[in-house]
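Shared between the two complexes below is chain A, which pairs with chain B and chain C, respectively.
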Partner chain A sequence: MKNYIFSRVIKSIVAVMVVVSIVIVMLYTMIPRYKIFEKDEGYKKMSGDARTTYMYSRYEELGYLDFQQKSEMCSNASDNYEACMVNDSEELNAVISEYENNGYVVDYLRNGDPFVYHDYNPLQLIWNFYSKLIQIDHPGYVKDENNPDIERKYYIGESPNGMPAIMCSGCQYKYQLYFNSSFPFIHINAIHFNFGISYPTNEGMPTWQVVSQGQGSQVSTEQTFPSGVVEKSPLNQYTCQYKPILDTIDQRRFTDNYANCQSYYESPSMINTSYIFGIIALVIAYVVAIPSGIAMARNKGKIVDKAGIVVINFLIAVPSLALIFFVRQIGSIFNFPDRFPILGFEDIRSYIIPIIILALLQIPSLMTWTRRYMLDQSNADYAKFAKAKGLSQKEIFTKHILKNAIIPIINGIPSSIILCISGALLTESAFAIPGMGKMLPDAINASNNNMVINLTFIFTALSIFSILIGDLLMTVVDPRIQLAAKGGKKK
Partner chain B sequence: MENKNIILSVKDLVVKFKVRDRVLTAIRNVSLDFEEGKVVAIVGESGSGKSVFTKTFTGMLEVNGKVTNGEIWFEGENLMTYKTDKEWLNIRGKKIATVFQDPMTSLNPVRTIGYQISEVIMKHQNKSKEEAKKEAIELMSRVGIYNAEQRYDEYPFMYSGGMRQRIVIAIALACHPKILVCDEPTTALDVTIQAQIIRLIKELAEEYGFTTIYITHDLGVVANVADNVAVMYAGQIIEYGTVEDIFYDPRHPYTWGLLSSLPQLGEKGSELFAIRGTPPSLFEEIKGDAFAPRSDYSLAIDFEEEPPMFKVSDTHFAKTWLLDPRAPKVDKPKQIQNLHEKILALTSKGGIYGER
Partner chain C sequence: MTDQELFAFKRADDSASEHISAPKYSYWQSVFRKFFSSKTAIVMLVIALTVVLIAFIQPILSGYDPMETPNINNPSMRFIRPNGEFWFGTDDKGNSLFDAVWAGTRNSLIVSFSATIITQILGVTVGMFWGFSKRFDAIMIQIYNVLANIPMTLVAMIMMYVLGSGMPQLIFALSVTSWISTAYFIRVQVMIIRDREYNLASRCLGTPTVKIITHNIFPYLISVIMTSISRDVPSFISYEVFLSFIGVGLSQAHASLGRMIQTYSSYMTSAPYLFWIPVFISAFISVSLYIVGQTLADASDPRTHMV
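Moving on, here comes the complex of A and B:
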């Protein structure tokens, strides 16, 4: 069992990596790279050498290519920096031809300064991504010239809520591991995923932070700072990172340099928004679809079944986009907002119609499958034998058929949970709900490559691991299934 | 007839099925009395209505099937007056139990063996969970499961086919039924297990004192276990008698055909006997003797009028015009003459026929 899970996890990780790698290569080699500047107002206003340098530094920052200007070339490749920095000097020409031999393309700015660049090949692109993907915090992280004597150690301290926490001095984050009342209760700052910087939308912010950080305006709460000062502030002290230069407010609040903190926001993050909608809709869908599917199977061919089939056929036949706008229209008759931001996060009416739509989108297939599984099982021999045993129809259904029919349904639950985020794409767009589903098409439209990769990674990882969880769940409900690392081998 | 103890009496039963807007008559005016404590075998080829016939005893016909005529008397009640499932629950499983053909699929794969046995005990005998468990374990050991206590919590997939059939039998016997219907109980099992299961049912029948109705097309099983044999063809019983009557003095040409086709009677070098043709379509009304078109002994009247049940002896009846005094004298085919000696010769070499 352990071996099985281990090998499945490894396979899942490989699968995620393959998918993400393909997306990376496609994004970087097949989409014209100038598109990233389409939404960049600053770039449009620039001209001449400034524009050229800006363009190539952007490309380098986003990982398209390796770009080196004259000073960098000279410091990298020449022993005589001063001589090298003179245009048309022998030293510089030697450096240029050296770069040229290494496969770099040489070009000149209008002022005559040379620069070189070379595109990364797909393997380099993938390597660059994965080599930077996982960042492990360590006490040697901080390199601050003004603070060379910073203590470098882990220690157990007390977090702002009074709970013990593993803390660090010299690391990027002050709180390495801490507990609080928000899900999932144990939080780790020691390991971080780095998916690069979001550009051109949400410029400069790490993409992970864009999707996971709260939205809307900041919320201040009364809190005690390390210095003992009690103040109203939106800062989330658990997220504090090392800040080389402290301002006066920081100095008043903090006793050390860990003052670069994220804030609390009034509205949930993109991930959470999607999940709030998705999970509620999913629960509703299951609560509605499974009993009605069972009722249909029990009354096969009767009026309940026929009515159910009509509903299913209607919901399946109407294209989902049409259904979304149709229900939205009906909702607006009853004074429900047709865009989420009209009433925003605080008002319950913002949620009702999108959740109904999300549930409606899932109900028909769930109902069909439930009905199908139930019917399949009720035709099984053991159901006939159960009848011959003298069990009533109700007992046969609840004690025997249901337990068999529920197995494939349980197997599908984790994937449904995942689908409810990625599947919310249309609904979120139609209602302008600030969730992850809407983020993906937005990111693609804006050529926000890192964001696309980040979301791809999240979606792929979630779906692949949900399949794993589904399989593990199955072993709980089906005694026949025992997971083995190699086919056929038991336990 | 009067002095016999009849436990189940079927009179003029007609069963029709609606299949794709056509009506199929599966059972055509069958009457049969089952004597208490006896083993009755119903034999016949596939589609002759053996299973459908016995399913009517427990109200287990498929939804498209209907009894359109006839009565089934059991313990002073006509079962055919039952309308709801609730009424049937007093009979089904409790007084008339059924063992099906395929033990591999007869048990719920995701419930423990113990659950599936004690469930019935709790339901029909109103016992507590602990009592039911105790009784279930006893039953399990009785049907030949070793370490019953440990195996109580195992699942069907951990049992072999023969063991599963033992469990199925244990479940069927859990309520001490009056009648046990065994619908081809050994077809899905291999030969050695077949013999064990048949012996087991036989022993249990003596111990628990139930009447056994075997449905089978295996004449070997019939010879081995049955007291009485009913031969079915095209939805009718065409010959009925004791096992000796049927094997050593068969009267209906179809019974002759069946016995002649026993592979054990085949002679080396010559082809095995087979009844030619196919059974009639039950969608159409059958005129005369249903077997006439396939019979080598058919008379002109066979195509005109349905033969009545002729009485051969007190225990032996056959439905063929050959028994009419006006009919020409016909000898049964050569293969099955002296069947008794032939079978004795065969069984002396061993095999399950010798166990009787």
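Moving on, here comes the complex of A and C:
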């Protein structure tokens, strides 16, 4: 069993990596790269050399190519920096031809300065992504010329809420591991995912921060700072990073250089928003679909069953988009908002209609399968035996058949999250809900490649691991099932 | 009376002994008899056929092109409510919505039908070999285990983003992401019947594998394939509408129901007919095609032919 889980986890990781690699190569090589500037107002206002350098530095920042300007070329490839910096000098020409031999393309700015660039090939693109993906914080992280004597060590200190925390001096983050009352209670800052910078929307912010940071306006709370000052502030002290230059407010509040903190926001982040909707809808779908599937199986061929089949067929056949708008229209008759932002996060009415729709999208397949499994089980020998023993129909269904039929349904619970994704894409777009589902089409339409890669990673990883958890859950519920059976194939 | 008078000589008739007294059975005849015994199916078939015919003929007559807007500078032509002249009214650019909706429907149908055909041909062919060859199965099941876990909606979206919006790209993206699940579905079916007694007998009698596949197994698969088709066609229509709605499906140059729904959702209160007509039509086509397909799939299962 341990071996099985291990090999499944490895396979899952490989699957995620394969998908993400393919997406990276496709996004970086097949989409015309000038498209990223279509939404960039600053770029449109520039002209001449400024525009050229801005363009190439953006490409380099986003990982398209390696771009070097004259000063960088000279400091990298020449021993005589001063001589090299003179245009048309022998030294510079030698440097240029060296770069040319290494496969770089040479071009000149209007002022005569040379620059070189070279596109990354698919393998380099993939390597660049994965080599930067996981960032482990360490005490040697901070390299600040103004503060060379910074102490470099881990220590156990006290976090702002009085709980002990593993802290670090010299790392990027002050709190490496800490506990507080917000989910998931144990927080680790030592390892971070780096999915690149978001551009052109949410310019300059790491894409991971865009989807995981709270939204809306900042919320201030009364808090004590390391210097002992008690002030109202929105800062989240647990997230403080090293800041080279402190301003006067920072100096009043902090005793060290860890003053670059994120803030608390009034509304949940994109990930949490999607989760709130997805999980409540999932619960509702199961609560509705399983009893009605059971009722259909118990009354097979009768009016309940036939009506159920009509409902299921209707829900499957109607395009999900049409279904969403039908339900939204019905909702607006009963005074529910047809857009999420109208009433916002605080009002419960904003949630009701989208959740009903998300549940409706999952109900038909759940109902069909519940009915199918129940019927299959009711033809089994043990069910006939129970009937021969003289048990009532109700007892047979609740005590015998249900226990067996529920197993494959439990297997499906985590993988319903996948269904949530495609449902969430549409529902969140139709209701303008600020979640991950809406972010994906938005990022695609804005040519925000790093964001697309980040979301692909999140969605694929979520769905692959949820299927794995579903399989493991099944073995817990039914000890007869063994995933690692010899020679057997899991269907 | 003598024996000669009572009895007449009769020659032995070889052909009579070959005669089978069971009622004549024709597969396709039974399929159609079964299909036409359902009244809902007949109504839905008429609706589906009408929709398909209008969708393919009307755009030829109207010559609708979403890029041409002859009435764009004529405010009196815009936002005309549905009436005798413009059955579905006119849109914000002064074009007739009736023309636009049918051109969009035709594109949806072309995309959905082509993607279904490609998916089925590829899926069934690969699925047959997959179910039959154990060596091929060992490789394919590993590939499937990786691919099956990936949310295909996401892949189709990213593919459309990369390839650019257009009809061939959309058909490609839809088929590429769905053929493997069809192949897997067929594989399971083939494996179930591959080792049945009649196939073992056939093999013992020396029937070549190709003949077993085409004569013994393929006929059994027809109802399975029909079920799969009846699910695919509406789901691809739904898919096209969905992708065009979020802006990665068909391009501006193609009329598309999804894009119409997306564009006109801003006129929901001022000109609701613009928004609701495409929504209704998309629901209409896919429901009618789904029910026709389901009934046909039921009818093509030989087990339902026994009276």
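Observations on the structure shown:
Throughout what follows, the second predicted complex is superposed on the first by the 479 of 491 C-alpha atoms of A that agree within 3 Å, B and C clash if a C-alpha of one lies under 4 Å from a C-alpha of the other, contacts with A are read in each partner's own complex, and residues count from 1 in each chain.
Assume a contact is a pair of C-beta atoms (placed from the backbone, for glycine too) under 8 Å apart; a residue touches a chain by one contact, two chains touch by 3 or more.
This structure is a prediction, so every number in the text was calculated from the model and none was measured.
Superposition note: with chain A as the common reference, chain B and chain C can be accommodated side by side.
When the shared chain is aligned, no partner comes close enough to touch A:Met474: not chain B, not chain C. Contacts of A:Leu133 after superposition: neither chain B nor chain C is touched.
In the superposition on chain A, contact is made by A:Tyr382 with chain B only, not with chain C.
Rounded to the nearest 10, the angle made at the CA centre of chain A by the CA centres of chain B and chain C in the overlaid structures is 50 degrees. Judged by the touch definition given at the top, the superposed model places A:Ile352 against neither chain B nor chain C.
Which of chain B and chain C touches more residues of chain A: that partner is C. By the touch criterion defined above, A:Val304 lies against neither chain B nor chain C after alignment on the C-alpha atoms of chain A.
Distance between chain B and chain C in the overlay is 5 Å (nearest C-alpha pair, rounded to whole angstrom).
On chain A, the patch touched by chain B and the patch touched by chain C do not overlap at any residue. Residue ranges on chain B touching chain A, taken from their complex, read 58, 60, 85-86, 89, 92-94, 97-98, 100, 102, 105-112, 119-120, 123-124, 155, 157, 168, 171-172, 175. Interface residues of chain C facing chain A in the complex, by the touch rule stated above, are 141, 145-146, 149-151, 153-155, 157-159, 161-163, 188, 234, 237-238, 241-242, 245-248, 258, 261, 265, 268, 275, 279-280, 282-283, 286-287, 289-291, 294. Contacts from chain A toward chain C in the complex involve residues 11-12, 14-15, 18-19, 23, 26-27, 30-31, 313-314, 316-323, 325-326, 338, 418, 421-422, 425-426, 429-430, 440-441, 444-445, 452, 456, 459-460, 463-464, 467, 489, 491.
Residue ranges of chain A in contact with chain B, taken from their complex: 380-382, 384-393, 395, 399-400, 403-404, 407, 477-480.
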